[in-house]
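In what follows, a structure is listed as structure tokens, so that the remarks can point back to it.
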Amino acid sequence: MSELTHFNTAGDAHMVDISAKADTDRTAVTEGFIEMSAATLQRVMNGDNKKGDVLGIARIAGIMASKKTADLVPLCHPLPITHVDIKLEPDTQNNLIACQTTVTTLGKTGVEMEALNATQVALLTIYDMCKAVDRGMTIQGVRLLEKKGGKSGHWKREEP
Amino acid sequence: MSELTHFNTAGDAHMVDISAKADTDRTAVTEGFIEMSAATLQRVMNGDNKKGDVLGIARIAGIMASKKTADLVPLCHPLPITHVDIKLEPDTQNNLIACQTTVTTLGKTGVEMEALNATQVALLTIYDMCKAVDRGMTIQGVRLLEKKGGKSGHWKREEP
Amino acid sequence: MSELTHFNTAGDAHMVDISAKADTDRTAVTEGFIEMSAATLQRVMNGDNKKGDVLGIARIAGIMASKKTADLVPLCHPLPITHVDIKLEPDTQNNLIACQTTVTTLGKTGVEMEALNATQVALLTIYDMCKAVDRGMTIQGVRLLEKKGGKSGHWKREEP
Amino acid sequence: MSELTHFNTAGDAHMVDISAKADTDRTAVTEGFIEMSAATLQRVMNGDNKKGDVLGIARIAGIMASKKTADLVPLCHPLPITHVDIKLEPDTQNNLIACQTTVTTLGKTGVEMEALNATQVALLTIYDMCKAVDRGMTIQGVRLLEKKGGKSGHWKREEP
Amino acid sequence: MSELTHFNTAGDAHMVDISAKADTDRTAVTEGFIEMSAATLQRVMNGDNKKGDVLGIARIAGIMASKKTADLVPLCHPLPITHVDIKLEPDTQNNLIACQTTVTTLGKTGVEMEALNATQVALLTIYDMCKAVDRGMTIQGVRLLEKKGGKSGHWKREEP
Amino acid sequence: MSELTHFNTAGDAHMVDISAKADTDRTAVTEGFIEMSAATLQRVMNGDNKKGDVLGIARIAGIMASKKTADLVPLCHPLPITHVDIKLEPDTQNNLIACQTTVTTLGKTGVEMEALNATQVALLTIYDMCKAVDRGMTIQGVRLLEKKGGKSGHWKREEP
């Protein structure tokens, strides 16, 4: 049965030793959502053409955050990210904005943490920009969708 | 009808001018959850007494993250935080760990963003430490519960 | 004759003592330019409505950089900025983009450095986004236009 | 005709995918200037032997800033810099200090941004240290001089 | 008997609540040493006049580090430092360099951590710059000498 | 006789050129101590099982600090660390806590600075958490124990 690898045999936290792992191409895809009132969502959508580009700013915040993941998550290895793409899609059916993030690197460990962090910070930035009109917004469903590369190979979330 | 205040009249983003606001005592309380398998939750709970203290590390990560909020969220004002407290409670009924964060400051603007960010990073750190055994964990329900101080006064989320 | 205040009487650098200074309202206005080819400027202007919003991203980069000034400039005091506004105006006459930044705080020292740094990083971000098509772009004329607050009072650059 | 590569086909900003690019030796050389009054320049030059070493401190600030470039410029890839050298030369003919920066790495993308950022921060630090005696100083001519490595090969600015 | 205040009644770490404390003038003075071979010390001293100014660079590193203390020490409050002064004195009798740091602020909590951190980073920077010739250098005696301000008043280390 | 390599032939600081060095496995082991009163040490030891886990928090602080070394030490190269392990052992004989840190990477230069910095910040965090009950604590004996990898090969401190 596999262990929580972030602790050594004494039970103390350490940064896991990845020295002996090969550099392979790594990709992680994550998603998350921010629920808001219909009125707030409408404002965000109206602002899309340069009269208050909430989604453009959230995207930049997410991309920049991906580069700080090892600064925020204590036992995370620093990684030279080679690609970040963040999609932010308003969904008027469900009164939410969906965020999907893809991160890649060539490295010794995966980029799930970078993709999850980028997703969270993009959604948090939407919260920040809309909070004056809607304090009740809620961030939901932040999770890994797919992961490629490394010893564990290809993992994909089963539907639903 | 109130505006998205993070944009000036030209529709361009700016850091909102708070120069004229008074320093008042501010508090924000936020919550969030991370859902995981029963087996993963059990491991986290077993580790509680120094054989792999996942929650202790997540708490530290959240506290440290609260201090970097203005670094992550583009239009957020830098604020000298005066108190951070993060509660992490395992819930074996629902197979999740609940996070509740309280942040206070004496300042010209609120600390919701600091509390939400601390909550997200604490939960993300749990994800990091358990991901080797459970990739499917999901972060849910990150939201503001209560807010005191400033012109808008006391706000409390109504029970659903 | 006034001294270079960043050195003590032994000639060693120090962070100047501002403990005894009063908190006053401070404003600094700075400007700077990036010269580019007419074709590059046209691309930037075409992109303005969400098909590649170079100026929107540069503005965010500048605002975020203003918060890191004390991290970059060794003897700069950390300051809680209360307002940042960055104007970026294409000028097809002179084939350049002009940047004008206003920063305010309530504090013991001025915000010139924050405004100059924001201006430089906004222009540098334009360089980054356009460098694939125009390596020769040049940043020019980064300077203080106006400064209010503090013992030295109101200073304004004389024309031209 | 080449595109602004920092936007995907939807016009949204992304961090460009460099996963498939080879690691090659990269060098970038940049320059920039800070103009000041003759009296200010004289003070800086007098301080050169440890009674207020403005240029030594500016050099350190520039070197340190080169390591933070990906933190400041939103779509910039993080890169492990292998060498930074900054020359700062007073020019009493033209009442300015010239800065020339060389940065190298072995990587998938170039180091122009790192060299330009180091140049800007070195000059900004000179501004900071001399601003008490000369508010009118102006940063000029920050630009790329030469670039080696990568698919685009050797580029050199044509005179003048 | 006084408690370890960084833990709440449940034994969990928190950032101590200082909201109700008054802003008072605070000063901390700390010291530390780096022992090295006589030959290494001689090199450092020879370099003093701009042919390799080890001490000037260490001083800047210490000042900059003081501003990052809350970033490094998990439960440390962020504080707006108003003054930092670092003295570095070679001692050929004992083959060491002594570092003494003074930090001040006007705030709700003390600046011991800022002064200790500045001292440690200044000494660590000397190690970095001399390690190619002397790997055996040792940092010793990093401690608080004096502390003023706040509820606990004036504290001074008793000799020796 | 070897030179202080952090200065070029003009005596100016630079980040040493390591472009031509090969990537090799690197390990550094460092140690350091914090002396405290017997009563303080007893409190730290009592807290070990989740009623105030000083050592667990210090360990996390040290690991996180290792990732910021190039941010703190001006001429230090950024390095992708692959492993960090920090041992913190109370010693009731000598009234101190001993810290031993091991850092590894695959890179062009060594990881002594990362290990020394992690050691210092771990000890500083213990100071922070205990300072309310013992201001006199002193950090001692921070030094390199062993170093492997690179052109200089294996180095080990001679006893005592």
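By written order: A, B, C, D, E and F. Residues from 1 in each chain.
Please note the rule applied: a contact is a pair of C-beta atoms (placed from the backbone, for glycine too) under 8 Å apart; a residue touches a chain by one contact, two chains touch by 3 or more.
Chains and their UniProt names: A, B, C, D, E, F = Cyclic pyranopterin monophosphate synthase.
Values in this document were obtained by computation on a predicted structure and should not be read as measured data.
Undergrad: By that same contact rule, can you tell me which chains touch chain A and chain E alike?
TA: Touching chain A and chain E alike, sorted by label: B, C, D, F.
Undergrad: What chains do chain C and chain D have as common neighbours?
TA: Where chain C and chain D share a partner, that partner set is A, E.
Undergrad: What's the chain with its C-alpha centre farthest out from chain B?
TA: The most remote chain is D.
Undergrad: For B-C, find its twin among B-E, C-D or A-B: the pair where over half of the contact pairs carry the same residue numbers.
TA: The same interface as B-C is formed by B-E.
Undergrad: Could you state the distance in Å from the CA-based centre of chain B to that of chain D?
TA: One centre to the other, that is 37 Å.
Undergrad: Roughly how far is chain A from chain D, going centre to centre by Cα mean, in whole Å?
TA: 31
Undergrad: Chain C: which residues touch two or more other chains?
TA: 13, 50, 53, 56-57, 60-61, 64, 68, 71, 74-75, 80
Undergrad: Can you work out from the touch definition every pair of chains that touches here?
TA: Taking the chains two at a time, the touching pairs are A-B, A-C, A-D, A-F, B-C, B-E, B-F, C-D, C-E, D-E, D-F, E-F.
Undergrad: In their shared complex, at which residues does chain E touch chain F?
TA: 2-7, 11, 13, 32, 43, 47, 50-54, 57, 60-61, 64-65, 68, 71-76, 112-113, 116-117, 120-121, 124-125, 127-133, 135-144, 147, 155, 157
Undergrad: For chain D, which residues are in contact with chain F within the complex?
TA: Going by the criterion above, the answer is residues 25, 56, 59-60, 63-64, 66-68, 80-87, 104-106.
Undergrad: Which of the residues in chain F come into contact with chain D in the complex?
TA: 8, 12-19, 70-71, 74-75, 77-80, 107-108
Undergrad: Touching residues of chain B toward chain F in the complex: what are they?
TA: Result: residues 48-50, 53, 56-57, 60-61, 64 of chain B touch chain F.
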